[in-house]
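Heads up, there are several structures right after this.
Paired with chain B in one complex and with chain C in the other, chain A is shared by the two complexes that follow.
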Partner chain A sequence: MTAMTEAPSALTRLGRLMADNPLLPLTLLLFLLIGVLAVMNPAILSLFWAGNTIKIAIPLAMLAACQTLTMLTGGIDLSVGTVATITAFMTATLAPLTGVPPAIAVALACAVLVGLVNGFGVAICRVHPLIMTLGTALIATGCLLVYQRYVIATGVLIPDFLIWLGTGRSLGLPNSLALFVPFAILIIWAQRRSGFGRLLYAIGANEEAARLSGVRVWQVHLTLYTLSSLIAGVTGMLYLGQIKTASLSLALPLDLPSVAAAVIGGTSIFGGRGGYGGTILGALILTVLTTMLTLLQIPEGGRRILFGLIILAVTALFIRLTERS
Partner chain B sequence: MPDSADAVLDAKGVAKRFGAVQALRDASLQVGRGQVVALMGANGAGKSTFVKILTGVLRPDSGHVKIKGRESTVASPAGARAWGLVPVYQEPSLIPDLSVADNLRLGDTAMEPFRHWVAELGLPDLQPDAMIRSLPLASLRIVDLARALAMEPDVLLLDELTAALPTDLVARVLKVVRAQADAGRSVIYVSHRFTEIAAICDRATVLRDGLTVGDLAIEPGIEERIVEMMLGGAVAAAVTEARPGRPVASGTPRLRVRGLRTGTRLTDVSFDLHKGEVLGVVALEGQGQDELFNVLAGNRRASAGTVEVDGRPKAFSHPADAIAAGLTLVPGDRAHALLMSRSVRENIAVPLIARIRNWGAVPMREEAAKVATAVETLQIDTRAQGEVRRLSGGNQQKVTIARWIANGVQTLLLFDPTRGIDIRTKRQIYALVRDLADQGAAVLFYTSELAEIRLACDRAVVIFNGRVVDVIDAAEADESTLMRAAYGLSERAPA
Partner chain C sequence: MRRWIEANAWTLGLAVLLAVLLLATKVIQPGFGATGLDSLARAALPFALATVGMAVVVIAGGIDLSVAAMMAVASVTGAVLMAGAGDGQALLAVIAVLALGIAMGTVNGVLIVVTRVPDIVVTLAMLFVWQGVALLILNAPGGGAAPWLRAMSAGGVALPGLPQGLTDWLPRGVVFLAVVTALIWVPIRRSKLGLRLYAIGSDPLAAFRSGVPVGQTRIAAYAICGLFAALGGLSVTMSTGIGEPIPGPYLLASVAAVVLGGVVLGGGRGGILGPILAVFILRTVRMDLTMLSVDPNVAAIIEGTIMVAVVMFGAILATRGRKA
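Our next item is the complex of A and B:
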């Protein structure tokens, strides 16, 4: 009990500040990183660089939205990279055969199907989301390989508007903001002001209490994982326009960073706390970090090791600071 | 009372404080060789704390516990075992995912004596490789007891052992326990059941408010004296605050329960609850009241019986069904009811967004108004803004009630709503319950504090052993009447 009466240490006070107002220290960290970057290479900082960073961060931030929403309930969605890859690959390979709109419709339908399977497993069979989404990701990847073998690919067509969205700029700003800004506003609005968003927090904070208050938790889970896959599918198309190649592992490297962005952004992996605002900052922080590592001019292997270590260190530090209070 | 020098177990002057609550002030217990001593006390008398100290789960602040004349410095259950005291707790202490034999191995219990005792206790067919998870609760109690007996303890402590047992097993158990004492061992028998105590105990030690208030030899007619001792001065109190009970309303009741049964504890409960009525539920711990409230709240299915709301039969498969029928539960454990890491407002507003048609935009102004009304009605102190976990216990309890006030109450199921909260908040809750009833709500009010029946209720049903054994008007519901009824001593035909 004596610890309670002592003045809180600087670390606990910082933790409390971060728990109450998580965006503040995140913004500071982001600018600190940009500062370090400026010292490393003053020439790099420009409006063009800023636009580029934002452009690269957007697909990551959108996949991290899936993690944020599922993590609010205490879950996770590790199939987002796979779903994004599938929709991108299918859009690009079906478009020459069927035309662009049907290709997109089929690709998104596949994304929704994966989401429904995830939701069914988590909501009704009560499989842990980690296992469920990893499992469906594996199955979906297998299906993609089968699809690749049996559909006679007449070539790859990446729709023009996706290229415009993914790589184009207007007034110096990346066009993908035209998709992302409304998306981010919608997510932030929904988590605060919609019944569905509030229920995510309620289930994450205390599923039993939510149930006793009349919430049919399975409905929320089913909707949530379907929504998550749909977001991942849309992200896959945007990513296709940005990378401009259709590969079988297009968005897979984004899986872990998407989780890290949400966690760095202050969303608790145990559910009930966090929000999308922090996740966007988390995605920007990770993107700036990547740029820094690229500037270090070390071999790819070393860069990956360093990136993994930094993600783990920052995540561990932020969990420690915010979960304590 | 045996001379404490030759007592096998001798506890004296035991005191224990938890924060602001003095759970035990001066508890003592002497158990001689070959004796069965009943340890009795009403809810909150300090019985469970005392048991935990005797078995080494808790350390006393002061006082001593001697086993066989030596100061017992047990600080762990394993320590207690080494000193010769073996407890059998109310909840089976077996690992569900291991077999019976593996559980025995964990506790270093020999198989042969265990088999002997299991057979003796009426379960000769028990397979040692059966998974604990697959066994019914009654068998687990027998396994627990047989394991304890196989350790050949000097002192056996049995905590509400018979609560989940069918009558034939109870008879076996009582016989074995008595035989233990006749063979020279000692037994501490914690129970609410006078018939069992009369059958096997030599003496009874009675606790009240953390004090040992009596140590009596068991003889015919001793029940009344024990009840008086458990109540102490409380019998005369609180009469002035009683309200006149209102006449029982006629017509279709808001809630009609007939022959409700589920699990092993709730066997046959029937009652009517009318609009504008506060119906108290009186029961000792574990008599089926938890199951009753869970069934009514849609949290558990009934295996038999009917529930009618406004004359229409209902079956709930989810709390949402019960809520749709107007039955709303305030659970006994606030940890089950609250979103501790969310705000007061979000906590109160959960039912408003629970259904799919309310998943869209939250009407913020309307919600704020509803929450504000509920907060005002309950006088919740919201100075501690932010997370509900930062509120006091009383304010947290008010938040769990406010959740159902915000949208209008029809039938409120309150499970021990005043447990562990201060007297001022308690009074506010009584007044609120009355107001709600006066506005036409029906309230089912389980309480572990008997005095509350007169303060808040119109009538009370008494549940014992899973059945309604009595219905008492609030005007007649003094504590000794309720206590006798709750102990199954004054069984009358339910009205």
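Our next item is the complex of A and C:
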């Protein structure tokens, strides 16, 4: 904040520094928010609180991975919340009937199916991803409601290992890190080093150029959206273990915040720029923000207003700082 | 003549589809008549108004994800202002709500232009903001609507010079929609602003270099969208008699109808009539499914599948057209 009052040349230099290291301003912002939180309520800061924040942020960060990957190509996946909800609900309701492993297999198969439909629409029919994924989300929600009427009597069983993963702690840290750390490393590796990751950036930067250089764009899109749904499905299971109830709108509230996390993390919605590291910080920032707003005891309406304004302010500031001109 | 048909092929196709669907409705339920048409028009009205607003923004090359939330704000503001008010006050309330709609849209537009944040992100953030505003104004459904406003959405319209038998078949919802759209959109379309909206939609840089004030035009597009969202919110209050702070399913439906109506996402092409026809097609399909006593959830699946299939088909056609 002090940088804003300095001379313009310093501001430009700061902007350049931040453009080169986009994670720097985000980390600063995160610590700034935690600092404000500490001033508001000094008792809140503890290892337990940190663990809790990380635990809550992980499902959001995983769903935001779907947004990051799709946004790198200039797309978006708005069906992730629905897919996560479906896999969670199906796992919980099928488990008492068929046992846990088949239930998980069927649930993940459903997730992959939604992803394939998304991929088919985006890759082969060339529908705008926003429309395509909203549409499949609508259809999938309808299917879930029909399905729900047939299983209402079977009861719900949440597998123990999902509860361990979702709510347990080892050495003060949430167990979900055991899933998330390898996941994050894999995504960051895939996005930076693998050929698939490079293709995502190439398509996002200039799809026509990528096509002319011999990239089979439709194959990349099909894989990408299937992968995105698969990630969403796994997230749904983790979330099921965390929330410990099977509801029909379990992960839906995470849908738009997952986009917000990726955007705050500096991934361009037009493609070609960004990365998963920023997104993880974005998810943490959003989670700390939510805690802050809850702590202020603002009514629901006011909380939403602040949430929206903060997303807007952070994105605007980020664009200002990282723009080279 | 032939050229006109070719230029409007998509809209004409939609009109034919709507006619076929209405005939099918008559076959499914022989009793379908003026009252059925009236309730269809009433159900379609908020969807149609949201769609017109969305269409204007999409033509100008943007998208407005906050349209449903703005409708909620308009709906609760109208309901709170009109609760227990006299006829004159209610008229003032309606004017206030419309002004509020323009103001909300202008805020969206100004934020997009000033912050240079992508429109999708700005309107996503404003979706939360307007939702919050609606909840602060009215925490639960409530308020009221003036009787004359409620009467505007139901029943036939008596037009001078037309036989009673014909006017019974003209639902007030349709007339309301036609009058409002004609009063707002047609003058804009014919003016410099209309041309500028299409210009910034098809190529902002070219528009800028031809002297179009791109920022102002973009703000105007969002303001128009806000105005239609306010009308849509009022029409919700009009048909239910109360204000509804939780936004309805208007966002996805309006985007789908805009695309189905032949407006290209990305801007610059399409009109307003196509999207309106698309809204009525989607509503008629929904009504037919209800008449066939299909489970509402299954109906939602079918409706969604139709929307997605049509959008896919349209996209394939668009790709073909570009290659040829």
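Note that in this section the second predicted complex is superposed on the first by the 299 of 325 C-alpha atoms of A that agree within 3 Å, B and C clash if a C-alpha of one lies under 4 Å from a C-alpha of the other, contacts with A are read in each partner's own complex, and residues count from 1 in each chain.
Please note the rule applied: a contact is a pair of C-beta atoms (placed from the backbone, for glycine too) under 8 Å apart; a residue touches a chain by one contact, two chains touch by 3 or more.
None of these values were measured; they are calculated from a predicted model.
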item: A:L24 touches, of chain B and chain C: first, second, both or neither?; value: neither
item: Partner chain(s) touched by A:G302 [first = chain B, second = chain C, both, neither]; value: second
item: First (chain B), second (chain C), both or neither touched by A:L248; value: neither
item: When both partners are placed on the shared chain, which of chain B and chain C touches more of chain A; value: C
item: Chain B versus chain C as contact partner of A:G142, first or second or both or neither; value: second
item: Which superposed partner A:Q219 touches (first chain B, second chain C, both, neither); value: first
item: First (chain B), second (chain C), both or neither touched by A:E208; value: first
item: Touching partner for A:L45 - first (chain B), second (chain C), both, neither; value: neither
item: First, second, both or neither for A:R198, with chain B first and chain C second; value: first
item: Touched partner set for A:V151, first chain B, second chain C, both or neither; value: neither
item: Sites on chain B touched by chain A in the complex; value: 297, 299, 318-320, 323-324, 329, 331, 335-342, 346, 349-356, 358-362, 364, 386, 403
item: Contact set on chain C toward chain A in their complex; value: 63, 111, 115-118, 120-122, 124-129, 131-137, 139, 252, 255-256, 259, 265, 295, 297-298, 300-301, 304-305, 307-308, 311-313, 315-316, 318-319
item: Chain B-facing residues of chain A, complex; value: 20, 193-196, 198-199, 201-202, 205-206, 208-216, 219, 223, 272-273
item: Contact footprint of chain C on chain A as seen in their complex; value: 76, 121, 125-128, 130-132, 134-136, 138-139, 141-143, 145-146, 149, 256, 259-260, 263, 269-270, 299-309, 311-312, 315-316, 319
